[in-house]
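Same chain, two partners: chain A is paired with chain B first, then with chain C.
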Partner chain A sequence: MNVEELIYFIEEEFDEIQKGSLHPTSSIRNMDGWSSMHALILIALVDNHYDILLTGEELKHINTIQDLLETIVKRKS
Partner chain B sequence: MSNFCSDAKFKKKLLKINSINFFLDYFKCSSLRNSFTFAPYIMGPTLKTIEYFLPKKILTNEDLAKEFGKDSQNIFKNTGILKRHIRNKKQIGSDLGFQAAKKLLKKNPNYLSKIDFLIFCSEGLDYKAPTTASVIHYRLGLNQNCGCIDMPMGCAGYVYGLSLAKSMILSNDVSCILFIAADIPSSVIHSEDFNLRSLFGDAGTATIIENSESGKIGNFVFGNDGSGAKNLCVERGSTRAPLDKEYLELHKKQVGNLAHGRMTMNGMEITRFSLEKVPLLLNETLKKNKLTFDEIDLFVFHQASIIILDSLKRKCKIPDSKFYVYLEAVGNTVSCTIPIALFNAEKENRLKRGDVVMLIGFGVGYSWGGTILHY
Partner chain C sequence: MAKISIDNVTIDAIYSCVPSGKIKTSSYSLFSESEAILFEKTTGISERRVAKDHTTSSDLCFYAASNLLSDLSINLQEIEALIFVSQSPDYFLPSTSVTLQERLGLDKNCMAFDINLGCSGYVYGLSVISSLINSGLKRALLLAGDKSTISTSFNDKSTYPLFGDAGSATLLSFNKDAETMYFDLHSDGSGKDAIIIEYGHSRYPYNRYIDEEKEYEEGIKRSRNHLALDGMKVFNFALKEVAKSIEECLMYAKIEKEQVNYFILHQANMLINESVRKKLRQTEEKFPLSIHKYGNTSSASIPLTITVCLQNQIKERQLNLLLSGFGVGLSWANVFIKIGPIKAKCIEYD
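Showing the complex of A and B:
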C-alpha cells in the first residue's frame, strides 16, 4: 500500500480526473467536478481496495490524498 | 436452473410428499406440515404474479440539469437513473398501490374472489386510522372475509412483507394474499434537494402470494440497527415531531408545504451501512437456506443507487449475468424496487420459473432482510 497505488485507483475510478494529474498533496475536495456523490464513490473505493469502511467523520477531516492514505494505514494497523 | 421435476424418481417422491401434506392439511396439522421442507414443489407460499403502476409525470436528468445547473450525463453517471416518475399533487401512495392492484386483478380476475388477506406496505399512509389497507380493500371491492393490515416499512419492506405473507399462509389461516407496496418519496423531498430528487421516484406495486405447489419462499434473515435512524429520516408530520407554524412557514413554497414531513439523508452513512451489512446478510441468507453462492441464479437487491449496487456487486463478487439492476427508468422507489425489478427481470428473460433468486432489502431504520425465492 502506497500513495502511488491510491492515486492510481482514484484516477481509474473518476473519469473526470485526467490521468497523471493527481499528487499526494492534491486536495480531494478540489478535484474536478467533486460533489457529495463523489464522497460516496470514495467510501466504496476504499472499501473495495483496502477493506475499510471510512466514516463520514473521518472523511470530513481528510483533505489531501496523503491524508487519505494515512487514515487507511491507521485503520489497518 | 435444473428442472427439479425431470427425474421420474423425484416425481414419485414428490407425489408422496404432497399426499402427506394433503393429509396434514386436511387435519390442520400445520406445524407438522412445515417440517416437510424437502423440495420447493411441496405445497407452500408462492409468489404468483406482480404488477406495478407508475404516475405519468416524469422528471428527467435534463429537467434536473436545467433546474440545478448540472450536467445531465453526470447525473446519470452518478445515479444510474435516466428518469423518475413523480406523482401529481392529488395522488398519494394508496392511489398508486390501488392502480397496481387494479391492473393485476384485471389481468387475473380469478384472484378477486380468492384474496383473503391484504397487506399494504408504505411510508405514506392515508390516515393514522383506519388502516390504508382497509381503504384499498373497499376500493378494490374485495370480499369482506379478508383481513387487512398496514406495514409502514421502507426499503426493506418488500422482504418483510413477503415474510409476513409466507407465515400467514403457513399458519393455514389464509391462502391468498394481496401484498401492495407503494411509496411516494417525492412528497417528502424538498424541491432544492438535488441529491434526493435525482435518486427517488414514486411507484405502486401489487403481488399475489398464494398457497401452491409451483414454487416456494425460502427462509428469512432479518436485522435492525436503530442507531442509524437519523441517517435516513422523514421528520415532522408525526407524533414525535408534529408540524408547527415555524415549519409550515419555512416550507410554504413547497408542494403541500411538505406537510407529510421532510426526508433527510446522510448519504455517506447510508453507503457505509449498506457496504457493511449487505455482504453479511447475503452470506447469512445462503446459510439459512442451505445454499451455496453458485446455486443462486439471480441476485435482486433493493435498488438503492448505482454507486451502492455497483460497490455491492464488486464486494460480493457477483457476476454481471447474475446481478439484476433496474434503476434507469424508475429510480429508487423505496419499497417498490424489488417487485419492479422482479417484474422486469422476468420480462427480459433474466428470470424464469424454477430459478433460485436471492432478494435483499435494506435501508431506513436501519433495517435489513434477505430471503430466497424458488421462483
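Showing the complex of A and C:
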C-alpha cells in the first residue's frame, strides 16, 4: 500500500479527474463539483481495495490524498 | 441468531405491477447535467415509475394479485392467508391486508394482516407466510409493495430522484416435496434515524405536528413529514452487514456461493450492489438489476427484479436464488431458496 497506488485507484474511478493530475497533497474535496455521491464512491473504493469501511465522520476530517492514506494505514494497524 | 429453515412450501408464481408513468433522471429540474450523469452512474437509476395521485401501493399489489389468480385459474377458496408488506398502507387503520381480502374476493376464512417493513420486507414476509403454510395452511398470498414517491420532497435531491412505485404478488402453497428454505433475519433499531418519516404517526401526530420545508444542506430541503435519508449511514450499514450476512445465510444452508444461480438484492443503489458483489467475488451476471428502469422500489424490489430480469429462465427451470433485503429499520434479511419452474410476469397499470 502506497500513495501512488491510491492515486491510481482514485484517478481510475473518477471520470472527472484527469489522469496524472493528482498528487499526495491534492485535496479530494476541492475537486470541481464534489458531492455526497463522490463521497460514497470514495468509501466504496477504499472498502473494495483496502477492506476498510470509512465513516462519514472520518471522511469529514480527510482533506488530502495523504490524509486518506494515513487514515487507511491507521485503521489497518 | 434468527436463522430458520422451513420445509413443505413452494412458490407457485410471482407477479409484479408497475405504474405506466415514467420519469427520467435527466428530467429532474434540480439536477444540473453533470449531477444527473453522476447520479445515474452511482445509483444506476436512469428512469423510474411513478403512480398517479389516486393510485396506492395496495392498488398495484391488487392488480398483480388479480392477474396472477386469474392467469393460474386459482380457486379463491384455497387462499387461507394474505399478508400485505408495505410502509405506505391505504389508511392509518384498518389494515390494508383486510381490505385486499375483500377486493380480491377471498373467503372470510382467510387470515389477513400487514407487516410494516420496507426494503427487508419481502424476505421477512416470505419467512412469516412460509411458516404459516408449513403449520397447515393450503395456499397463501404475499403482497409486497410501496408507493414511496408520495413521501419524498421534490426539493430534496437525496430522496426525490431515488424512488419508484411498484407492487407485487407471490402465491405460495403447501407441498410436502418442496425444497427447504433457509432464512437469516436481522434488525438494528439504533439506526432508526438513517431512513425515517418523523411526523405523521403516534409520536408526532399529524394533527399536531405539521412542518414547513427547511433547507438541511444545499439541495436537501424537506419537512419532517417527508422521508429523510442519511445516505452515508445507509451506505455504511449496507457495506458492513449485507455481504457478511449473505455468507452466513449460505453457510447455514450449507451452500457454496458457486451453487447460487442469482443473487437478487434489494435495489437501493447500484454502488451498494456492486460493492456487495465484489465482496462476494461473484460475476456481474449473477447480480441482476432492475434499478436502472424502476428506481428503488422498496418492498417490491426483489419480486420486481425476478419478474423483469429472470422471467424467461424461471419459467423453464428451477433456480437457486439468494434473496437479500436491507434498509429502513435498520432491518435486513436473506433467504436461500429454490424457485421454479414458475410463471413470473410484470404488468403495467395506468
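The rule is short, and it goes like this: the second predicted complex is superposed on the first by the 77 of 77 C-alpha atoms of A that agree within 3 Å, B and C clash if a C-alpha of one lies under 4 Å from a C-alpha of the other, contacts with A are read in each partner's own complex, and residues count from 1 in each chain.
Methods note: a contact is a pair of C-beta atoms (placed from the backbone, for glycine too) under 8 Å apart; a residue touches a chain by one contact, two chains touch by 3 or more.
Only a predicted model underlies this, so the values are computations on that prediction, with no experimental measurement involved.
With chain A as the common reference for superposition, the partners chain B and chain C occupy clashing space. Touch criterion met: A:35 reaches chain B and chain C at once. In the superposition on chain A, A:56 makes contact with both chain B and chain C. Once chain A of one complex is fitted onto chain A of the other, the partner contacts of A:47 extend to both chain B and chain C.
Overlap of the chain B and chain C interfaces on chain A comprises residues 15, 33, 35-41, 43-44, 47-48, 53, 55-56, 59.
Those residues of chain B that touch chain A in the complex are listed here as 74, 77-79, 195, 266-269, 271-272, 275-276, 305, 307-308, 310-311, 314-315.
Those residues of chain A that touch chain C in the complex are listed here as 15, 33, 35-41, 43-44, 47-48, 53, 55-56, 59. On chain C, the positions that touch chain A within their shared complex are 34-35, 38-39, 41-42, 158, 231-233, 235-236, 239-240, 269, 271, 274-275, 278-279. The residues of chain A lying in touch with chain B in their complex are 15, 33, 35-41, 43-44, 47-48, 53-56, 59.
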